[in-house]
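First chain A sits with chain B, and in the next complex the same chain sits with chain C.
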Partner chain A sequence: MFDFLLETLSVLILLSAFALMANKRISSYIRTFRIQSISIALAAGIMGIQSSQAEGRFDFLIVCLLIVALKVVYIPHLLHKTYANVKYKVEKDFILNIPIMIIICCGLVLFSYFALASIEGLGQGLLNLQFVNSVSVIWIGLFFMISRKKAIGQIIGFLVIENGLYIAAMLSTNGMPLVVDLGIFLDMLTAVMIMGLMVFRINDKFDSIDIDKLNHLKG
Partner chain B sequence: MNNLIYIFLQALTILMLAPLVNGLIRKMKAFIQKRQGASIFQMYYDLYKLVRKGSVVSEVSSWIFKATPYIFFASALVAAMLVPVSTIILPKHIPGDFIVLVSVLGLGRFFMMLAALDTASTFGGMGSSREAMVSTLIEPTILVSLFTIGLISQSTSLSQIMLTVQGAGFPLAHPVYIMVFLALLIVIIAESARIPIDDPSTHLELTMIHEAMILEYSGRHLALMEYGAAIKQLVFMTLLVNVLVPHDQIIAFTGFLALFLSLLIYFFKILILTGIIALIEINTVKFRLFSIPNMAAFAFILSFLGILQYFILGGSNV
Partner chain C sequence: MGLLLQIIPVITVALLFVIKKNRIMHIISLSTSSLLLIIAAYLTGQVILYGTVEYSSLGRFFYIDALSIIILDIVLLIAFMVSIYSVGYMEEEIRLGKLAKRRLRIYYILMHSFLFTMILALTVRNMGLMWIAIEATTLASAFLVGFYSDKNALEAAWKYVIICSVGIAIALLGITLLNFSSLNILEGRLLLDWTALYEHAEFLQNSSLRLAFIFILVGFGTKAGLAPMHTWLPDAHSQAPSPISALLSGVLLNSAMYGIIRTVAIVNRNEGSSVYTGRLLIALGILSIATAAIFILTQKDYKRLLAYSSIEHMGIIAVAIGIFSPLSVFGALLHMINHSLTKSMLFLSTGNILQKYKTKEIAKIKGVLKSLPVSGTVFLLGLFAIAGTPPFSIFASELSIMISIFQEKFFGLGVIFILLIAIVFAGIALNLFKMFYGEAQDKNLQPGDGNMPGTVCLVVLLLVIAITGIFIPEGVKELIIRAQNIIIG
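Moving on, here comes the complex of A and B:
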């Protein structure tokens, strides 16, 4: 039953990465990221219930609460605040058009299936097939970062990569030590705050958050 | 005998229910928007009114214009015969599978597009070209998602698929079925001309697709076209609810009462799906025409990921 739910949630996380790729509006980026984070929090909660029943560990439940507080509430709020201050609401210029990018993403999923098929012991023990979906999310996050030209898109891409890494680690290791989790969250929080601040500054200096304009900084 | 009962039951259910579904969606939308709204039986009244009126046919049009309403309605009805509303009574030999379903619906659509071009009005041509675009983008999604479920049940016959899925426990908890469910939901919205793709309630030239094609029709021809479109919508909804959320396995007994109960549950599922569609219609705005490929690509990738998950997770444990 638990495996069933985790499988479903890992698919939903992958799906939300695709939905993110298909979006154009910055407000829907933030909303999709929030949905993805909710799925991750649910996965953590399910694993928490499982491990508290089996081994009496409660660190997963703490992690679940932290994810809800940080990724579902605080960071989207922070991004909304940044978003309210810049004038770009819709992303118009991509490197490719959206259908082609979605098909490339599908290619990335295929790639990670083939790449991970060579891992010894995949599908047995802890290294299960949900791992493949999580690694695909990392690839899609990377591709999202290079396909968007506005700085908020970059932040979201970074967060999606982080989500993918986190869910991959969580599903394949059956829980990291709590200290490691806390370290990851702290890192991510500072990164997002600094990036949000940078977006402010870039917007102030250049009157736009188009990252192409950063090229003009060269002497 | 079984065949006769099947045909009678299937035709009666679909024909009676199809206009009601439209009315229900409208009523739910009105309810969410805090309007009174028209009665849920409004479409029956409209059809009755249209059938009694004569129809005006342009002098310059050919036989295609007059034949199309009958072809379109017949194709929708044939499609309805292929998707069982209840698996309790099945015919001995089921002629046709989902490939036939898609092609029969394609035939009706082809004639509708021809008829819209036939009168040479500007709206008709515009509507046809848009419909051609949307259907080209959506049809692969239908086929790939149905092939995924077909692979699982080792059959292309829809009733066989339904019987297999009924034995699979609670199917929506499985990744493959989630993907196919979402893909088919987008297909329903696109095929029944609902809001993110097309707006059924306006006659604004910039947005309309389906309405632009049937603009030249009047009287009983219009009635047939609208009835056919409603049937097509219900066929896709039946496909979604009966393939992915099967219900006949929970009825332990057989006989007339079982059939009645099965139809009741079927109606209840359609009601829930109507609510979902009404919610989607309320919560989204109509897309720009050139944003439709994005949504179609997303739907196609959903169905494709479904087939991928099927192979990755190994076909046996689905």
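Moving on, here comes the complex of A and C:
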């Protein structure tokens, strides 16, 4: 039962990464990111219930609450606020057209499948596909960063990478030690705040958040 | 005592938030860095006596051995020099109107947080915590890179944050795989514990460990400035205030390289040979040296040139770690020390040049030796040193790396290595030596160094690298040999 739920969630998370790739507007990026984070929180919650019943461990439940507080509520709110304050709003934002990017994403999933197929012990049961799904989310996040020209798009891409990493760590290794998890959250939160602040400053100086304009330093 | 290393910078940062007077901020910064240096000296003594320093409190997270103390000593020594230099430098920047007076507080807060994250990265036992600390170094230094808040500085800071955060995220995937490889052997508190991983290295699962190494190499390699992930480095180093450039180049790159070395030690022990890690490290290393050589030949900005030279030296260290013979690892560790001291000295002297001439373009600068008698001379000799001329210390470590390459019968590699280093030498000589002679264009330029305490630091550093080029103190040699034994096992 639990395994089936986790399997479904990991596919949902991968699908949300594809959906993100097909999004055209910054507000829909933020919505998709929120949906993805909800799925991750659910996965953490399920694992939390499982481990608290079996071993009396509560760290997954703590992590689940943190994900809800940070990734579902606070960070999307922060991004909405940043976006609302940045006045420059041309919507078309990507370098290739969407169908081509989706096909490239399919290629990325295949790539991670073959890259990870060599690991022994991952092939047992469902774990393998879950791990492949989450590593694919990382690559799709990376590709999303490359394919978007707006600074906020890059922040979202970074967050999706972080989500992919998180779910990979959770599903493959039953989570890192709790301190490490907390530290990762702290780092991620600070990183997003710093990037958000920089978006403001870039908007101030360059009158746009188009990172194609950041091209003075060369050689 | 060791825990004070982590506590003192935090207290300093807290104090800096409440203090109003700039003078007192200078004093706090100076006393913090000298205190840290004293503690580091004490810990070095402990490491020489007992091998490691560890405490049972707080889940045994604190751990120092010979490898970490070497890098920790470099960090704190350079931090000490930089905080002395910063006093004069920042006062001058405020006087010149480049910075508002109230920005000094932010500068010191960020600088000491940066220092704290680096100390943390070097004193923890758990690889996961080390990852967190290395990621935090990026975050703490992001606004230092963009400190001048003009267009170029912002561009550099944005690139720095984005590229390094993504790189480090990839390293986290590596750490996850490292954790995965040990799941059947370790549990609970020992997960990701470096000493446990190292002791049980033979039993780790080989295939996931191999993948883990690639991700960690790419991830921490981004932070260490290895090509082709180096693109943030020249921008960040050239746009940051000069004391911060010195910290970035002399200290930050080493901390990231430290993460790679720790992983290499585990993977090689697991594999039983260094072929796998060696190939990857040597390839990235040679690529870094070659990239740096090309860009140094055509460089027009002296701070960028020094930044590319840092990429070159990180490449040399990567090659030496890749060779993995006792001599080459010895050379790599020695090279880390020498490169850090020399490069931070050079970046600090560019601070004096920049404040005098107000330009970073090489072509606009003439007659440095006349207008800056002391720091100009230091800069000139430092350039000879960084290019690998005897009697300076970089020559000694480069020579031992070269000898080890030939001893291990990598003849083709050795020839390419020497050729590339010769190109770098030519590039530095061609581009930079014309700065020193001739008459300055601006006739109103007053000769004289300014920033006396800072200039004294430069001279001290120059003396250190000149003396250690001829003989290495016994204690240092002892420490390096112990670290070498830890790495090779």
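By definition in this document, the second predicted complex is superposed on the first by the 207 of 219 C-alpha atoms of A that agree within 3 Å, B and C clash if a C-alpha of one lies under 4 Å from a C-alpha of the other, contacts with A are read in each partner's own complex, and residues count from 1 in each chain.
As a convention for this text, a contact is a pair of C-beta atoms (placed from the backbone, for glycine too) under 8 Å apart; a residue touches a chain by one contact, two chains touch by 3 or more.
Since the structure is predicted, the reported quantities are computational estimates derived from the model, not experimental observations.
Q: After superposition on the shared chain, which partner residues are touched by A:L65: those of chain B (first), chain C (second), both, or neither?
A: neither
Q: Name the contact category of A:I35: first (chain B only), second (chain C only), both, or neither.
A: Neither partner.
Q: According to the stated criteria, A:Y113 is in contact with first (chain B), second (chain C), both, or neither; which is it?
A: In the superposition, A:Y113 touches chain B alone.
Q: Could you tell me if A:P99 is touching chain B, chain C, both of them or neither one (first, second, both, neither)?
A: After superposing on A, A:P99 lies in contact with chain B but is clear of chain C.
Q: Looking at A:A19 after the superposition, I want to know if it touches chain B, chain C, both of them or none. Which is it: first, second, both, neither?
A: First partner only.
Q: Please tell me which partner, chain B or chain C, touches more residues of chain A.
A: Counted on chain A, the partner with more touching residues turns out to be C.
Q: Which of the two partners, first being chain B and second being chain C, lies in contact with A:V180: first, second, both, or neither?
A: second
Q: Would you check which partner chain A:A168 touches, where first means chain B only, second means chain C only, and both and neither mean what they say?
A: A:A168: touches chain C, not chain B.
Q: Determine where on chain A the residues touched by chain B overlap those touched by chain C, and list them.
A: none
Q: Tell me, which parts of chain A touch chain B in their complex?
A: 4-5, 7-8, 10-12, 14-15, 18-19, 22, 24, 98-99, 102-103, 105-106, 109-110, 113, 129, 132
Q: Under the definition above, what is the set of chain B residues touching chain A in their complex?
A: 173-175, 178-179, 182, 291, 293-298, 301-302, 304-305, 308-309, 312-313
Q: So in the complex, which bits of chain C are touching chain A?
A: Within the complex, chain C contacts chain A at residues 59, 61, 126, 128-129, 131-132, 135-136, 138-139, 142-143, 146, 149-152, 154-159, 161-162, 165-166, 169-170, 172-173, 175-176, 179-180, 183-184, 189, 191-192, 205, 207-208, 211, 234-235, 238-239, 295, 298-301, 304.
Q: Any idea which chain A residues touch chain C in the complex?
A: Going by the criterion above, the answer is residues 115-116, 118-122, 135, 138, 142, 145, 151, 154, 158, 161-162, 165, 168-169, 172-174, 176-177, 179-180, 183-184, 186-187, 190-191, 194-195, 198, 201-202, 205-206, 211, 214-217, 219.
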